[in-house]
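Below you'll find the structures, each written out as structure tokens.
Two complexes follow with chain A in common, the first pairing it with chain B and the second with chain C.
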Partner chain A sequence: MKFRGKIIDPHCMKQFYSIVIILSKLCRNVVLRLSSTKLYLIASNESNSNQISVWSVLDQQSFFKDYDMIGETESNEILFSLPIDMLASSLSSAKQTNLKTLKMKLTDKLSPCLTIELDLESQVSSKQLCTHDIPVSVILPKDWSAYKEPTIPAHNISVVMPSIRVVRHIVDKMKRIGPRLIVSLDSSGKMVLGVSNLSATVDTHFIGLEIVSVHNLTDKENKYSTVVDIKKFSQFLNCETLNLSKILCHVVEGMLLHCSIEEDEYVLHYFLSGIDD
Partner chain B sequence: MKCVIPRQNLKILSRALNTMCRIGEDLYIEPNSTQLIMHTTNSWHTVYAWFTFDSSFFSSYYFTEDDEQNSENSLKCKISLKSCITIFKSPHLSRCLESCHMEIKSNADTITIQLRYSNFCVKTHLIPVLEYSALQVNQNVDTSHVLCIDSKVLSAAVKHFQNSETDITLIVTTEKVILKTHSESCRDIRQMLRTELSLQSSEFDIYDVGEGCCITFSLKEIRPLLAFAEHMTLPVIIRFSSPGMPMVFGLKNGLTFESQYILSTMNDNAISGDANSIRLNINAIENTQSTNEQPENLLPNINRTQLASSSLRTPMRVQVEYPDSISRKRKHPSTSQQTPKIANSINSISVIEQFREECLEEDVLLSQVADFHVDNEPIKTHVNKNSNFTQEFSDTALVFARCHSLPIRNSPIKGKGKVLVYDSDGLIDDSD
Partner chain C sequence: MHMTNDHNNNLSFDLSPPKLAKVLSNNYELRSILNRCYNRRLTSNLIFDAGKLVSQQLVYELFYLVINMEVDGNDSFEEKYLLVAKADNVKHISSLLKAVNFKDVGVCFATEHGLKIVVEDSKCVQANTFIGSEIFQEYHLNDDTVAFRVDLNTLIECLTIFDGCSTNPSSTTALKLTYKEYGSPVKLLLEEGGIITDCSLRTMEVFDILDFSIPAESTTSKIILRSSDFKDILSDIDSTSDYVEFTFSEEPQFFKILTSGVAGKCSVEIPSKSEIMEQFLCNTSITVKYKYKQIKPFLKCMNISQKTLIRTNEEGLLCCQFMVQVDSHTCYLEYFCTPIVDED
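Then we have the complex of A and B:
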């Protein structure tokens, strides 16, 4: 079992760091699944262990300059889990401009570790080397089935989210009113975010959104809604740092809010299961 | 003593006070004819922060002859650091503030700090003096290794470590310096993020390390100083000698002001549980204690126990040590408060030595208390053999470490200690 990867492009480092930062806000532990062409970051729901909450796929070639891996099984894959906050804090120096290369590799020091090596350029011509060892726990092949690509449930409706910055501001304000957010989308391209408590009900309407697909076109006044934890939703909205072109928002009536980001280099799905009324 | 601080320097003073605020709660001020010294130490006495402002730092500095006579005892004062920084924290500090006048009168209840604004507004603060006393510190730290580095480089290097990181190990070799997570702290090393950073010797302005060494110190305590140095763009001078001995972080801005942080370092050998090194540590404590013997006798209320040198070489020596050191640790705050009152008569008590002792003690304690197995017999034999020895022990010294949460009994000791609660492992009363 071997893995070694090297990023030298500052833009890729920043992007990788931003993805890790977003994940670190959504979950505590992340399973890193390495295959010869892709790098998957998977988080499963902590309360409901079998359900995957974050599924992100990074294209190896657009991030890494060098990428070598040898898995132990025929499928040539490696799976291990690690605390994502440690990864985020070790990559935090990627923000700095003087970082030349970022190397990641699997090592065996005291325990299995993901070693992050940062080559820094200092003012004086000499080089600084910073290594972070993140303890990981390797997942055995028999447990791999839990980290298979999730089947995306049939959506009732999918729309393009309005400006993430605006949504984030509004949701952050709404957070103070109540803990549950009602997200409803209808076939006329309207998205309503609603929150209520004993003394007030607040709804925010976004209109004229681009509809990607509607499950049932026959009925014109189709409206689908789901209730989610407002805190978890607002944490996801931190992803504005990624400078995304668009975010899709899908709803399965009463069951699931699914946000997806699909860029050329990476894909990120966030599944937020609905909570009961 | 009166002095006037111009506006530009007021920001420096305010930053210095904020830096010290992260260390201790009390600020000791000591004016003398040429400089104003401000210093503080934390409650564990593991860090000592010291700032000196030369008379050139002030736009005027009056130190009269009267002051000269009083300087020894009635001008050195202790004030609350928190109340002091609130004065300088005010948002008005920047705009129309012109100067700050400070006055310390001999034996007055308060010291006066007056802020004068350009719009003729004058704000006077009276800070109560908690005590007229001085902090006695032995600043002659043995420093055989010297490093000097740009504060920007060092603070950038330190930023790679997690904020929660408390202790880091500094390894110096002839070619490079390695900073890394202290690997033997109590937390499970396998579960935590380990960081290692290497700096080439060319990063340093001065690189005099001899054959190199490896010491562990508290990063948390040094971060404020680095932030201060970075703001002032001053190089940081690091001086140290060997593990377990204090190390010094210093910075100096020409002649106007100077700062030094003296911190205790950890002795890694002690943690590794090697019996030899533990013995050595205790010898070290023994030595420092014997120099302290005189002043301690002057403090009858302090239940600080003395070590019996006769039993030093017996194998059980080590065990007797633990409860003793625990009791001493607990009493430390009171010791430090008592010390200044008799400051004149104490020459040998130095906080630095206490630092070192404590540092050593803690190491030994942390590693040993857990797997301490009780064997009361040798203690008994000591007691029987040597009656002086028994008298020299406090109650707590004979009580096993696990009972250390018991109140200290100051009741008269009649030649033996009395155990309040028997240890569950079978420590018995030593009544002969």
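Then we have the complex of A and C:
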């Protein structure tokens, strides 16, 4: 088992860092799955371990300058889990401009570790090398089945999310009113966020959203909705690095709210399963 | 009525002419655009390409009007509702409500002069704020007085839902408040930047509320202070003290605040000639104690007010009035607080 990777492009380092930051706000432990072409960051639902809540895929070639790995099995993959907040804090220098290279490798120190080597350039001395060792636990091939690509259910409707900053502000206000958020999307390009408690019902309407796809059974207006835990949705919206991304929002009636960011070099899916109303 | 907006920005809806007339009555620009469309098609079903004909802003406005109509239902809505109030900027209203929100539930009284919101705690503190009808751009009342009780926290949460959403500091949230009949919910319709929030707040029965007042003839002392300076004094007083003692002294003339906490006694004396004191009137010297936690909510009011008027009567009932400037109008916040009766 062997892995080493090197990122030198500042943009890629920032992007990698922002993906790690998003994950660190949503969960504690993340499974890193390495294959010869792709790097996966997978987070499972902490209360229900069989369910994947974040699935992100990074294209090895567009992120890494050097990428070298040898897996143990025929499929040539490595899976290990690590505390994501440690990775996030190790990478915190990635947002600085003086970072030259970011190296990652699997090492065998006292326990298996993911070693992060940051090569910083400073004005005072010529070179600074910063090394972090993050303990990891390697996942045996017999347990790999839990981390295979989730089958994305057929969406009833998909739209482009309105300004994330506005949605975040509104959801954060609604969080103080009630614990359950009803998200409905309809085929006219309207998104309604609703919350209610014993004394009030509040709905916010966003109109004129771009529709990506809609499962149209009939010609008439179709509306699909799902109820989710408002705290979890707010957690996702509060990932600051999301601000610049175009986020798609998908709904499976009564079952799932699925948000996705699809860029050329990486994909990130966030699944929030519906709760009983 | 049916309205759709597909992703090509084709806004289509079907409206009957009288309803349309109602929608258009207050927007000249939209009226001329729609008239043009009507002339072209001559049907009651109207479909036009919003992207070509009107700006996005106008589409939002139109949508807002149409939504408004759905809420209004029939044409003669003003007669069907007990109360309809519209305001361009909800911020004034929410900041006044926040200042009296020291308890969860408030009673709302609407009279021809405006809205009065009263909040009470354990029959000894009462706060009220009066939002004059001039603060609203439209204000219709179909009864002498309309009263209902609402959850104040949720009301404020709803009114401030768009706070911080816009990066443009000059954008404001518009409000339309309707109350249909006794027992029905209060409906709020808020709009900012084309996003609409509609809220329905359940109302509760109004119980008797305390009738606190200090008529001018029974006022024993009256002082007017600058709020910003009085806030500094009041926010510094010892929070470990159970009570706050106010002394209005006739000769020599001063106003004194005394606290007694774990660190000892502490008093602040403001002479009548102090520059923060605008007026000082005192007929008889009086010393009264009030509970610290009942005085503390005053601080909220001072943040938004310019002047504070403090009055007492012989029994020691305290009345604090805060003057708040809203655009060119003045609104008032009022706190009444009963004194602690000494055991001995």
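Here is the rule we go by: the second predicted complex is superposed on the first by the 268 of 277 C-alpha atoms of A that agree within 3 Å, B and C clash if a C-alpha of one lies under 4 Å from a C-alpha of the other, contacts with A are read in each partner's own complex, and residues count from 1 in each chain.
Keep in mind that, in the parts below, contacts are C-beta pairs under 8 Å (C-beta built on N, C-alpha and C of every residue); 3 or more make two chains touch, one makes a residue touch a chain.
Since we're looking at a predicted model, the values are computed, not measured.
Student: Answer with clash or fit: chain B and chain C placed together on chain A by superposition.
Tutor: fit
Student: Between chain B (first) and chain C (second), which, if any, makes contact with A:231: first, second, both or neither?
Tutor: A:231 contacts neither chain B nor chain C.
Student: Once the two structures are overlaid on A, work out the angle chain B-chain A-chain C from the Cα centres, in steps of 10 degrees.
Tutor: Spelled out: centre of chain A as vertex, angle of 80 degrees.
Student: Tell me which partner A:199 touches in the superposition: chain B (first), chain C (second), both or neither.
Tutor: second
Student: Touching A:90, do we find chain B (first), chain C (second), both, or neither?
Tutor: The first partner, chain B, only.
Student: Going by the contact rule set out at the top, does A:246 touch chain B (first), chain C (second), both, or neither?
Tutor: In the superposition, A:246 contacts neither chain B nor chain C.
Student: Between chain B (first) and chain C (second), which, if any, makes contact with A:110: first, second, both or neither?
Tutor: In the superposition, A:110 touches chain B alone.
Student: For A:208, decide between first (touching chain B), second (touching chain C), both and neither.
Tutor: second
Student: Looking at the overlay, what does A:127 touch: chain B (first), chain C (second), both, or neither?
Tutor: first
Student: For the superposed arrangement, tell me the lowest C-alpha distance between chain B and chain C in Å.
Tutor: Between chain B and chain C, the minimum C-alpha distance equals 10 Å.
Student: For chain A, which residues lie in the overlap of the chain B contacts and the chain C contacts?
Tutor: In chain A, no position sits in both the chain B and chain C interfaces.
Student: What residues of chain A sit close enough to touch chain B in their complex?
Tutor: Of all residues in chain A, those touching chain B are 86, 89-90, 93, 96, 109-111, 113, 118, 122-135.
Student: Write out the stretch or stretches of chain B touching chain A in their complex.
Tutor: Listed in rising order, the residues of chain B that touch chain A are 150, 152-153, 156-157, 159-160, 162, 189-200, 202-203.
Student: In the complex, go through chain C and note every residue touching chain A.
Tutor: Answer in residue numbers: 2-7, 9, 56, 59-60, 63, 67, 150-151, 153-155, 157-158, 160-167, 193-202.
Student: In the complex formed with chain C, which residues of chain A make contact?
Tutor: These residues of chain A touch chain C: 162, 165-166, 169-170, 173-174, 176-177, 187-190, 197-208, 210-211, 221.
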